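Can you read through this structure? Questions will come right after.
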Amino acid sequence: MEFLVHIEIALPDAMPDEEKQRLAQAEAERGAELRAAGTLSRIWRVPGRRAKWSLYSVADADELHAALSSLPLFPWMDIEVHPLATHPAEL
Amino acid sequence: MEFLVHIEIALPDAMPDEEKQRLAQAEAERGAELRAAGTLSRIWRVPGRRAKWSLYSVADADELHAALSSLPLFPWMDIEVHPLATHPAEL
Amino acid sequence: MEFLVHIEIALPDAMPDEEKQRLAQAEAERGAELRAAGTLSRIWRVPGRRAKWSLYSVADADELHAALSSLPLFPWMDIEVHPLATHPAEL
Amino acid sequence: MEFLVHIEIALPDAMPDEEKQRLAQAEAERGAELRAAGTLSRIWRVPGRRAKWSLYSVADADELHAALSSLPLFPWMDIEVHPLATHPAEL
Amino acid sequence: MEFLVHIEIALPDAMPDEEKQRLAQAEAERGAELRAAGTLSRIWRVPGRRAKWSLYSVADADELHAALSSLPLFPWMDIEVHPLATHPAEL
Amino acid sequence: MEFLVHIEIALPDAMPDEEKQRLAQAEAERGAELRAAGTLSRIWRVPGRRAKWSLYSVADADELHAALSSLPLFPWMDIEVHPLATHPAEL
Amino acid sequence: MEFLVHIEIALPDAMPDEEKQRLAQAEAERGAELRAAGTLSRIWRVPGRRAKWSLYSVADADELHAALSSLPLFPWMDIEVHPLATHPAEL
Amino acid sequence: MEFLVHIEIALPDAMPDEEKQRLAQAEAERGAELRAAGTLSRIWRVPGRRAKWSLYSVADADELHAALSSLPLFPWMDIEVHPLATHPAEL
Amino acid sequence: MEFLVHIEIALPDAMPDEEKQRLAQAEAERGAELRAAGTLSRIWRVPGRRAKWSLYSVADADELHAALSSLPLFPWMDIEVHPLATHPAEL
Amino acid sequence: MEFLVHIEIALPDAMPDEEKQRLAQAEAERGAELRAAGTLSRIWRVPGRRAKWSLYSVADADELHAALSSLPLFPWMDIEVHPLATHPAEL
């Protein structure tokens, strides 16, 4: 089942730059793993915002939550999840 | 997988009363079928509104859409779907 | 350039059923053309709603508007357009 | 009487990890007590968020407030309460 | 248990004036009954709007829904219900 | 003239517990004075929130503001005021 | 006591032009009476909308409602009322 | 002074096509006049919607309202006006 | 040209009381100057909030911004500006 | 392709004044570069707010994001992007 996921990231002002960079690096690595596994099938940047739209392909909401909460930046993410049904045009 | 579903119903003013009653009857029958099948596990009325909260247990969003769009009142429903993940307290 | 497009459809109650069916048929055909042309790359149904998420790949907002306004159901659509930028993870 | 309860949790960034763990442990224990007492009949996680939907079965709003404010994480919760009426389909 | 209830009324433009007057009369009578029974303890008009705030004292959400749906204007009301808990200052 | 008043309280995380208790005590005392004076005629707790609905009976908005800003917790309150007109059913 | 009042007007499409003109004329006359009486002290048009901001000076919400509901266009108005308190700069 | 103006158009379903075309033609002509006069300096289409953003250069809100209400489609427009101040970068 | 201006003030919790008093004093003085100059023609307090409605009479949005940003509390203000057009009833 | 961009800036209270000035200076310089390059074609201040509307002319959302994220104040900006299509009146 697919989910369209909107993620907005807000790091605290007080976080040191090297911590931000370490987290960004870890986030990119975990994202690459999820993409390699086919869990995260597409990802886009929202222009002008620290935000992204992404497309997850998982068994159910439990696997989705496991994937999202495995992201190193998860504690600073505001996430909205849109469940998707198959459109007849894609059958 | 479970979904929490909020349904608001707005029948057009011009619909004749017997048509409203026929639809209500058909809706009750289809609801009973979905409950017997275990698809619709709980249903509550929102006090003061022509609205309900219901709890669906389905394989995925496709089966959920099939169930919801099988309801006779579906064309007059405004539906919002909340996907649910398992809470550790229920494992 | 890609756009994420949310479409909600509200046909007037008074529209005759055969007109609705004729429009649905024409909509499916135009959708197939846009998919064959690569303009409409993905499309999903929003469970429980007469709504869809779709992914358009076009040159710019002009081509997007031309594609969307070519849909037979366009006069009854409420459309929201989200421009997408490339995410570094997809480079 | 049943209430559908939406809870969103936001712990302050500055809270030490061991304090967070101690609170999570205490929260799980209090939740188990409320479930054993039949006060908290169902609980789900909102995928991608530090949030949950839960279903309380209490005498009235006073007992509901007593139960919710007994949760160790209550000071950091944003709670919305939806009163539920019996649906005829469940009579 | 008490509920604070916000009611907004929108009669259709096409409804004949005598029907509006008949409904207003029936509404006033039913309101008087609910007040005499102690179900409806207070009622205020929202200045400038066809709306009111009212205070209901009932056993639970079922009795509240029964009272509200017994109002002759119920089919044209948009109702929002706020459950109330006892404040320690009133104990 | 009566006003329906919704008050939400948010104390800063960093405020010491004894300060919170001192303020809660002072708030209860000031509330009792306002109730004894007939200014604050009713007060309810919003279940699950640090919020209350209250009913003020004052000469006008100036007296209302004076009463509300005399509350010890006023600096941490988010207050919304709903002016009330007399409903014919109470004449 | 003063109230800031926002009024949005939506006449039904089907209303004949002469009825609209008759109402506009009656509205202007009633507005002039309220201004002459000092009840309506200021009035502005919202540019680009069939809307206005106005400033009422009345004894209380009852007199305000009486004034607003005496307007011939009242049945087609969406009105929001903001109670005003005296600012120390005007004392 | 400049104003950024957002216009959304909703023609009634029942309006005959030739009336829609006549209005669209008249709207285009009036728009051309406003552009020639320098009143309407820029205009854009919102992709996917019957909406536009436009930039007006007028003396004040009175001239703006006169320009907007001179548009043949004005009775079916929902207009939001954003006043603009000069940015130092353009001085 | 007149503007209706809504101002909400939120001083940081950590600001020392004497700084708050110094700012309030400076704000009152600057307000008096703007009133003496006819720029700020009316000002009201929103009951129960640290907020005010005010009425500015200025040449255009540039003069309005200059006036508002000259207020000592401007850095802590959340301001919304409503441009006003002349209503025919005041001509 | 053009984008209408709304930018709201919120600098943290704790940021020293010289840092704010240094950033404002750098922002003005980067803005001048973008204007000289034709990327940023117009810019306006929102009266009463630390906000601006600006008009970008770029190849696509990638170039837009690159331009916006090159602004020195970008980490403290809340940005909303509106894609624009050509209006027939400008062809």
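By written order: A, B, C, D, E, F, G, H, I and J. Residues from 1 in each chain.
We adopt the following convention: a residue touches a chain if its C-beta (ideal position, glycine included) is under 8 Å from a C-beta of that chain, and two chains touch if they have at least 3 such contacts.
Model, not experiment: these values are computed from the prediction.
Peer 1: Pick the pair with more C-beta contacts: H-I or B-D?
Peer 2: Counting C-beta pairs in contact for H-I and B-D gives the edge to B-D.
Peer 1: Pick from A-J, D-E or G-I: which pair repeats the contacts of I-J, with over half of them the same residue pairs?
Peer 2: Within A-J, D-E or G-I, the interface duplicating I-J belongs to A-J.
Peer 1: When the C-alpha atoms of chain B and chain H are each averaged to a single point, how far apart are the two points in Å?
Peer 2: Taking the average C-alpha coordinate of chain B and of chain H, the gap between them is 43 Å.
Peer 1: Approximately how many whole Å separate the CA-defined centres of chain A and chain D?
Peer 2: Measuring from centre to centre gives 26 Å for this pair.
Peer 1: Scan chain E for residues touching two or more other chains and write them down.
Peer 2: 3, 45-47, 61-62, 64-65, 81, 83-86
Peer 1: Give the list of chain E residues in touch with chain D in this complex.
Peer 2: It comes out as residues 1, 3, 60-62, 64-65, 81, 83-86.
Peer 1: Tell me, which parts of chain H touch chain G in their complex?
Peer 2: Against chain G, chain H makes touches at 3, 5, 12, 14, 61-62, 64-65, 68-69, 77, 79-81.
Peer 1: Using the touch definition up top, name the residues of chain I that touch chain F in the complex.
Peer 2: 13, 45-49
Peer 1: If we count contacts the way the header does, which residues on chain J are in touch with chain H in the complex?
Peer 2: It comes out as residues 2, 4, 28, 31-32, 35, 42-47, 52-53, 82-90.
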